[in-house]
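Below you'll find the structures, each written out as structure tokens.
Shared between the two complexes below is chain A, which has chain B as its partner in the first and chain C in the second.
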Partner chain A sequence: MSKVFKRIYTYQFLLPAAIVYTVIFIVPTLMSFFFSLTRWTLSDWDFIGLRNFTTFFKEPSLSIGFKNTFIYAVVTCSLKVVGGLLLGVFLTGKIKTKDYLRSVVFFPTLVSTIAVGITFSMMMHPTEGLINTTLARFGIEGPDWLGDTRIALLSVAMVDVWKGVGFATIIYIAGILSIPEDYYEALQIDGGGAWNKFWSIIVPLSRPATNAVIILAFIGGLRSFDLIWAMTQGGPGFATDVIASIIYKQYQGGFYGLSTAGNVILFLFVSILVFPLSRYLNRKEVDL
Partner chain B sequence: MSRGARIWAVEIAAVAASIVIFWIPLYFVVLTAMKSAPEASLMNLAWPSKIELWQNVKDVIRFGDFMLLRAFWNSSLLTVLSIAAMVIFCSMAAFVMQRRNDKATPWISFFVLAGLIIPPAIVPTIWVLDEIHLFKTMAGLVLVEVALGFPFCVLLYRGFMAAIPREIDEAAVVDGYGAFRLFFTIILPLLQPVTATIIVTQSVTIFNDFTNPLYFFPGAKNVTVQLTLYNYTSQFVSQWNLLFANILLITIPPLALFIFFNKRIVAGMTAGSVKG
Partner chain C sequence: MSERTKIAATLTGVLLLGGLLAGCGGASDKNGPGNTGSAGGSQEKVKLGLLIDNTQDSANIAKALTDAFEAKYPNITIETETRPGGNEGDNFVKTRLATGDMDDVLFYNSGAQLQALNPDKNLLDLTNEPFEANVLDSFKQTVSANGKVYGVPYSSSIGGGWLYNKKIYAKLGLSVPKTWSELMANNDKLKAAGITPIIGSYKDTWTSQIIVLADYYNVQEQDPNFASDYTANKAKYATTPAALRSFQKLEQTAGYYNKDFLATTYDAGLKMLAEGKGAQYPMLTFAIPALMQNNPDQMNDIGFFAQPGDSPDKNGLTVWMPGAAYIYKNTEHPEEAKKLLSFIASPEGMAAVAKLSIPAGPYVVKGAVMPDNVPQVVKDMLPYFDQGKTAPALEFLSPLKGPSLEQITVEVGAGKRKAEDAAKLYDQDVEKQAQQLGLAGW
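Moving on to the complex of A and B:
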């Protein structure tokens, strides 16, 4: 690169963002590895080695967070992929109401998560709630959506999908619209039907969209906190506690070292799952 | 059934499903916000015997020494300041990152993109903010929002910047433009479509943000709209009408933005989200 352009593309331009990002994001991330090994009061710390981590793995109330985080991420992510794909196909088809439907599906993405959480926890009330009173009219006895430890996590996950599927749909619409018409014409000449169109053209060729949805939804699922906190606060018992809500609880309790250890664990958990996944998905993408 | 009739049946089914799945929850919020406390606690879709929407709105605004108004002010200020800083800082950074090509650039990209994946370390961030005396301040919270939004904005800006030919830069250099004049008078105006996307999506994200204000902006005076909603859940246990009046009020800004920019949001999202 010539000297002139080094001067034009000066690193001074990077400076403001770099300072904010380094001080507020990189430094705390690096420091978390150190503070996770301490008993910490913000002003004072005691080095205690790996004790925070052993506490985390030994206590059932803490280690349940791994299982829940993983289940939550996998369930929300797969439903968003399937739902987004189907809605995307439907909303790029020949229907007159598609502008209206696209807007409606996307709308929940813009509403506050806390508001959504409060509204749905009220609708999921076991006896008075809208969902169960409606089911009762059809003679079905609805479960206690948020009070039953076996299904509470899934109930919250459903609301997450309700709120987030619009985003996945938009990504799929973009992906499907970018498929060249020639493919459909070729299929028509070969005499393929709607089913072939879906399986042999749309699914493989909207692969970049699928990858984007998987990565975004999976990371979002692993890190999710606010919806769970608004709906159940981790309860009943610890049935809906995820790593992010445990981090908050430990922080609230003043266990800063333990909370930070939770952060390091979440960091490692996300990295171990997401980096190989994105590498795998990207390799597949090149083959097309 | 004929083909035409089948298409009609599908359309009607789709619109009916959208009403059940998306409009009923919204209707439920509006309806509950209009009721008296005893009627709201029945949690049903019955029409209120007397519409008390205005009274509920007044009550919820007056609550806690006009806490909601303070929250609206804080949330708006937070959104405006964060977006302003984000647009300027991120577009500048993306310009250098996209144009420059030396040994350091892949490393810089790696560190920035890692920010999309890595969850922020919360208590250490509080510690850092405390050390620089910005914990529990608006400035501190703005810095957090900018830092966390930076990777996403850079990604969008870089993608768009790649389509702006370098010949423009060269012509400007020949004309004797310096770096800052080139960027602020030529490049930044060309980035307007992405800037619009970023302003719309990030302002909704920041206005609706709950987690960061919860951690980094505690204190009675420092409340944001999402925190009022969360705090009220414990205060208004038996007054669902007030809680839902609050939901209604804080949903209006994103809703207005959505109605106003609907086409643009969807178009911008589709342009920015997938490279293929």
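Moving on to the complex of A and C:
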């Protein structure tokens, strides 16, 4: 009796969290799996099997969307890793204004994504924007950052990196500071320079930080929506459409079943890419 | 409500409404139990809820109507609630209907978008109300579903065509084009003179659709059955020459826009037109109140013409119908709500509206006249109406309007996609919509 009671007693502490998790995460997830198989008007539904999925895969901009999503995720993720690592090394070094600079780097992370998007899309205006008017002063004719279909996606990706690199930097700072001093001392005795310090100690030993940054930034990139929507709404035309913006447009059109199907597809797409990636990265981690 | 419907509504509520309803605060109190004026009790105080969208013009119209109506019926007070516009607003209205939490009277679009509200189930049938006799038939068809009429217009009709700067036209000796080739010749002269011929404001993507949509008069002129064939899946944009022509016209305008047209907004476009930085702006005349507000001194410089076709004697105007007032089916005060609609659909009601809202075109209520002080640009529309040379836009004749049209027209106007290809892509988009609406024959 007392044993059973004890076991239940410990589970009671989990109960509030379990209820919240079930109501807010599990139930809607299962519901969306169901509604993705229906023609859904919010008040009524017709079961139509897998037709939403076939319709979604026939969406003309979908191939652009998959390609853009992947490019966007890879570009933002790799730049955040490189930028975060370099800034992390810089901000753990011997500089006087370290604390101030750390806040400056972290600051963009705190600003609302929509506000960042609107601000940058004004700054990137081809004739009146701050960026091109500044370039014009040096006699350079800046491109139409968001209107030129060849570079629009990259322009948005750069803003994403600007906004997200501070977070990656914080993770790296924590990772770098946790490296024991012994390694540096050993390096000094062996007569290694700054380059050896960076390449032979910091890079391999901040591997856990790298993995965390890669996984977080990659998932964020695959699901990214708010910044793209605020800056280009997937345009011009379909040039910067990502899967999430295609899904949102189906919702806007009132096709609730179809957009739910899109979300299920995105869920699977992210899982298929991220689970193997995360396993691969974790296997390569070394112990300190 | 069927059992299924109930479950769906509840589940949807859990998912979506938490945020939405919390956002609109005490808005739903007014239907509370304290408010039990029974139908027909004429001296009892009755409160009606009225749901409108959040544009300044709608607020003006609602205020004008409310003041005049309350003065006439002192026992009825109207409480106005605003909602967001655009797609967000559509979803707002749909969710409120689905959860049974709708105001007594609502202002909403006529035409294709009404069908998505499931009027049979959600709105009061007004077919046999005497006040519907005041409404023009051309409007009534846009608020009908399955042969029943559900609404009355609360505002004026809207023209779709080309706003132009008269000063620039006069300076270069241009005349209002009656055919598409004349329009293109004007564009060339403007370009040669170093003036932006056409204002593009593709940052607000919806503005890119106007040339295709405002061409519907010309489509109907050549192919009178297009709307019904199109709805029945018998005609396509890509395979109907008259309809394909609309996309070809847009394709021909590529290269005549202002340099930064992809980054220009609708508001900036209106400003360019008024200040003479661009000569012509394909737009709906609902822009006129905004123009009058921001550029009152330049109002006399602005004129309007319908989108020309290929033959000068077949020149006519595509008309957007005003939104309509509808009554929620489960309202507790149907009699009072009908009194309100009856007032709206009368010359008296329209005269009240005209005091605060400049009409963007003629009214669609019999006997209602435009005030004399409307600007010239509105009067430019009258000849088309007087000669009977108008046609409703396609979205008022057919429930089909693909959601990606604006992205497609951006590509065509930017010269990135050919007309034939665009028409095909749009047909695919429409097919998807028809299937999602569950229309017969798709």
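Just so we're on the same page, the second predicted complex is superposed on the first by the 275 of 288 C-alpha atoms of A that agree within 3 Å, B and C clash if a C-alpha of one lies under 4 Å from a C-alpha of the other, contacts with A are read in each partner's own complex, and residues count from 1 in each chain.
Everything below uses one rule, namely that a residue touches a chain if its C-beta (ideal position, glycine included) is under 8 Å from a C-beta of that chain, and two chains touch if they have at least 3 such contacts.
No experiment lies behind these values; they were computed from the predicted model shown.
In the superposition on chain A, A:123 makes contact with chain B only, not with chain C. Once the two complexes are overlaid on the shared chain, A:164 sits clear of chain B and of chain C alike. In the superposed model, A:221 makes contact with neither chain B nor chain C. By the touch criterion stated above, A:149 is placed in contact with chain C alone, chain B being left untouched. In the superposition on chain A, contact is made by A:46 with chain C only, not with chain B. Once chain A of one complex is fitted onto chain A of the other, the partner contacts of A:249 are limited to chain C, with no touch recorded for chain B.
In the overlay built on the shared chain, the residue A:234 is in contact with chain C alone; chain B does not reach it. After overlaying the two complexes on the shared chain, residue contacts for A:84 are found with neither chain B nor chain C.
Taking chain A as the reference chain, the count of touched residues is higher for B when chain B and chain C are set side by side.
When the shared chain is aligned, chain C comes close enough to touch A:60, but chain B does not.
Where the contact sets of chain A with chain B and with chain C meet, they give residues 28, 31, 40, 42, 125, 128-129, 251.
Chain A meets chain B in the complex at residues 1, 4-14, 16-18, 20-21, 23-29, 31-32, 35, 40, 42, 90, 94-97, 100-108, 110-115, 118-120, 122-123, 125, 128-130, 133, 162, 167, 170-171, 173-175, 177-178, 207-209, 212, 219, 222-223, 225-226, 229-230, 244, 247-248, 251, 256, 259-260, 263-264, 266-267, 270-271, 274-275. Contact residues of chain A toward chain C in the complex are 28, 31, 39-46, 51, 55, 58-61, 121, 124-129, 144, 146-147, 149, 233-238, 249-255, 257-258. Contacts from chain B toward chain A in the complex involve residues 7, 10-11, 14-15, 18, 21-25, 28-29, 32, 42-45, 85, 88-90, 92-93, 95-97, 99-102, 108, 111-112, 115-130, 132, 143-144, 146-148, 150, 154, 169, 173, 178-179, 182-183, 204, 207-208, 210-211, 214-215, 225-226, 229-230, 233, 240, 243-244, 247, 250-251, 254-255, 257-258, 262, 265-266, 269-271, 273-276.
Contact residues on chain C toward chain A in their complex (touch as defined above): 2, 4-5, 8-9, 11-12, 15-16, 87, 90-91, 94-95, 97-98, 116, 118, 202, 205, 259-260, 262-263, 403-404, 407-408, 410-411, 414, 416-417, 425, 428-429, 432-433, 435-436, 438.
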